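If you scroll down you'll find the structure; I have some questions about it.
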């Protein structure tokens, strides 16, 4: 049984349909990439998975429990977290308070994870009293990731974690994520346009086009075949 | 002369604390939910009638002060669930609907209690000497109580998990929801707390003014000025707004005739809004 | 800070924009019925009712101007009654000094200019700055401005008559020998002005300027992006609404007195209630709301008093919640149902 | 409900019933209005009830007076109808709410006169509404009886007032105060016609009696904080504060005077604090206030006892009535006295007889002063006791009204 199972899901943005009958799965401990050009429905699908966009038809399961149609804050209780596009940090809360949001559902985070996060993202410790909005783009991304991981998710949805991040920092984030994914063994759905980044982390992936999955394969295959779908 | 100056300072402080107290509930609901609650004045009035009711049953003013936030908070609960919730992202509609809520509360109180005035006696008559000035005990107490409520509210907002949830929800509803914060519940909590504060303010003000169904209206415009002059969404702004309006009123009231003083403070508020629409303390 | 929120079932002014396409008979019919009713009213109603109707027509015009402001500029004024008061006082003060035909026309002209000019002055401060003052803040500013004007009128009694109001000024005269006394002449004037302003507004809103206004109102961000000066649009609409409110106030003068109550929060609240219950975004909705509710109130308040206000409150909540387009929206739904 | 549907039917009927030009006819000097309709069909309509229009503030600033005025009106109407009505016709009362607002007050008057064709108006409370309605009734020559004490200045052949003029309330009060409380006065008044008019009447009264005025001050409606005023009072150190602050502001003022300890050195006298107001005051605030009024519930006379008994059995033991409510009653009873022995009701006959009407009721003897058509009546000075009861200190009998004008 997979951790996340999406079955024939249709999603709409307002009145216009965006995702048409997508099915995919993520197993525990697996990093799965979701690739595709701008506007093919990746973010809408991610929002659908975490309950922020209502599912028009189809089903979504977490660990065999159907979560279709329940509100986001209850989906969160099933261990699903999202690092949304544009990071979704709370700019007027302090860095520390942002991290505390992560522990609302997991009041006693694993001290090992906590230490690891501090080690990987020392800047968050240095600036803990600062308003999160004053951090740089990359630092905000680190904060968003750290916040999500502190809550010990079973499924982590990462929506374009490299978007707007300086190239030097992208490498650091990539290294940190690899370490954390290995340590925490959760399922990850990684939405990316940065193919190198995605291929470095994911074991397999899906390619979307016009709201549908057009290719599903292991990373090695994707490296070879994805070109035709993913040239920008 | 020093006595006069001292009196004016205490007067200004007293009026500022009263205005802050009255505007608190409005500021909480405006700041946390972005909702202009035009029923605020009538929730405030309902707090006074809660005292009338509790005092009638128990004979004790302080029971009324305890009962008012509970009763008015309960009204807020109903209003949020029944009205405000359905008008999210339609601020002007919320404004209009809460205007209706205010009318219903006011006329409801008239039906229940009659249109006549009610009396609430000063529970702490007498004065305390501050240097050369004797000042009413109850007013001094109000300054202290307002300061404590402010401190309590700040602690709740900035030091507790529910406060954190509220502030997160205020900034980004969706991400907050994705982290397990129920935005509907947080909104409900914010509205009920705002309403309860309005009720508490009414209860505490009841010995100072005339208790009648139309009493709230007098304060509505003033409370708005305090909130927007200081800056919406910040307790510091609220304090600043209260001090500016209250101090301005006391100062103008000392030098000018009351009608002109009244107009002068309103003009000041409009000018501040014109040049700093976000408020002075943001 | 301009808050743009429309009732969810239809974008503002949509009815207007669509109307051109819809078969002509259906859009003309309600207007024709209204016109016929207004013309026929003095022949079927008692003098008392015609006198009352004259006042209510002025209220209707006031509500119409508030609707214009709300629909085309996204602004709700909580002190709109003050502009009505400005118009009424302007005409009364003019007639006090210059009785007769000249004073009448000068007074009406001044009433429109004072209403429009004051709105323009205030609007230039609120809308043209770096940060526009809009949404609820505009509401609060107008609330304060009305309160200030009321204090001025009450305080400056040598000029305005103070809390007493003004009485005994000369009767306005439309032409030598045609004074606005009795009930028929004031009614005729008020009705004519209302019809002309309504027709004029309808025409103006369908012009290219009106359509750009609509575009600006519907998507202020995008409009600003393509260089539509929203602040100037809001200023224009606010000035027009102020001028119309001023004219409405001047038309109130045949009642024979003016009082500072016109600047009060209660009166301004009533204007909002008329507009909302009548139906926002239709111009005619607020107009009919003012007339209908005022008549109902006059008929019922003697016996209901408290219950009447309670009902108004409940109705306000219900309409905003479930029928944001008010009575006109309901009427529209009914006509659509009949047609299909 | 029944009443409202009746009213609706009446409106429907009136819609198709063209009447003579209202104000146009009056302006042209035609026969007075309300009478016209009746007189025309007099023979056939002789048994129709006489309609009386009442203008009462049931909402707005003066809401708290509404019920008291309704009680007085209805009790009088009941008594009149039991006694056979006016000139053989029953009385039907139509009440309108003026919302304490001038525009609505005038509309109410227009409806009562123009649509309901009432024979006379009884009511109005705030001076602004009274003045506006007076302007209307003077033009339409409608009989109008005012129940409220006020600053005076309204005189017209068709206008009568049982409300006290300044010399019937303010002057006895200042005279009593100068004799018993002290000679220096501080006036605080609402910034409108009643407040300013009352102070204007009080100042010469104080000065004529050898007293001094150390301060006068006018506050806008809706004043809720009087600390600045109270400071000035403390600095001026008067013997007596005499407030003319209307509505709830007035009560707030008294509360705050007590809070700030002003009452320790300063006496308060008033002309507007009766049994209707004291429930809004705590015992500490109320005790010791001296007030002059033309009626109190505590007056010990048979008519008053009978009246209170009727009121309590009809409206409950908590029912209260103040001087405005009592004058609504008095106005009706004066009309009854005027109609006594009259075969046929006509406005001019009644008006003529009202000029000589007398009535000895709960508030003592009332006689019309024909020069200004206000009432010669008693003024009662009373002190509020620690338990908020009123103790009668002095009765000044049969004070002639000085309305500041005479009937043309």
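Every chain is named by a letter (A, B, C and D) in the order it is written, and numbering of its residues begins at 1.
The definition used in the following text is that contacts are C-beta pairs under 8 Å (C-beta built on N, C-alpha and C of every residue); 3 or more make two chains touch, one makes a residue touch a chain.
This is a predicted model, so every value here is computed, not measured.
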item: Contact-graph distance - origin subunit C, target subunit D; value: 1
item: Comparison of B-C and A-B (more C-beta pairs in contact); value: B-C
item: Identifier of the chain whose CA centre is least distant from the whole-structure CA centre; value: B
item: Chain at maximum distance from subunit A, centres defined as averaged CA atoms; value: D
item: Distance between the centres, which are taken as Cα means, of subunit D and subunit A, whole angstrom; value: 76
item: Between subunit A and subunit B, centroid-to-centroid distance (C-alpha), Å; value: 43
item: Subunit B and subunit C, separation of their C-alpha mean positions in angstrom; value: 32
item: Intercentroid distance (Cα basis), subunit C paired with subunit A, Å; value: 53
item: Multi-chain contact residues (two or more partners), subunit A; value: none
item: Residues of subunit C engaged with two or more neighbouring chains; value: 151, 154-155, 306, 309
item: Subunit B, residues touching no fewer than two other chains; value: 110, 115, 217, 259, 262
item: Interchain contacts, given as pairs of chains that touch; value: A-B, B-C, B-D, C-D
item: In the complex, subunit D residues that touch subunit C; value: 1, 3-4, 7-8, 11, 14-24, 27, 58-60, 66, 94-97, 99, 101-103, 106-108, 110-111, 113-115, 127-128, 131-132, 135-136, 139, 191-193, 196, 220-221
item: Contact footprint of subunit B on subunit C as seen in their complex; value: 1, 3, 5, 7-8, 70, 74, 76, 125-126, 129, 131-133, 135-137, 139-141, 143-145, 147-148, 151-152, 154-155, 265, 269, 272-273, 276, 306-307, 309-310, 312-317, 320-321, 324
item: Touch list for subunit C against partner subunit D, complex; value: 44-49, 51-52, 55, 151, 154-155, 162-165, 167-168, 181-183, 255-257, 259, 261-262, 264, 266-267, 298-306, 309
item: Complex contacts: residues of subunit B adjacent to subunit D; value: 4, 7-8, 11, 14-15, 18, 110, 114-122, 125-127, 134, 136, 138-139, 207-215, 217-219, 249-250, 253-254, 257-259, 261-262
item: Parts of subunit D lying in touch with subunit B, wherever the complex brings them together; value: 58-61, 63-64, 66-67, 191, 217-220, 222-225, 227-229, 231, 235, 248-249, 251-252, 255-256, 258-261, 276-277, 279-285, 320
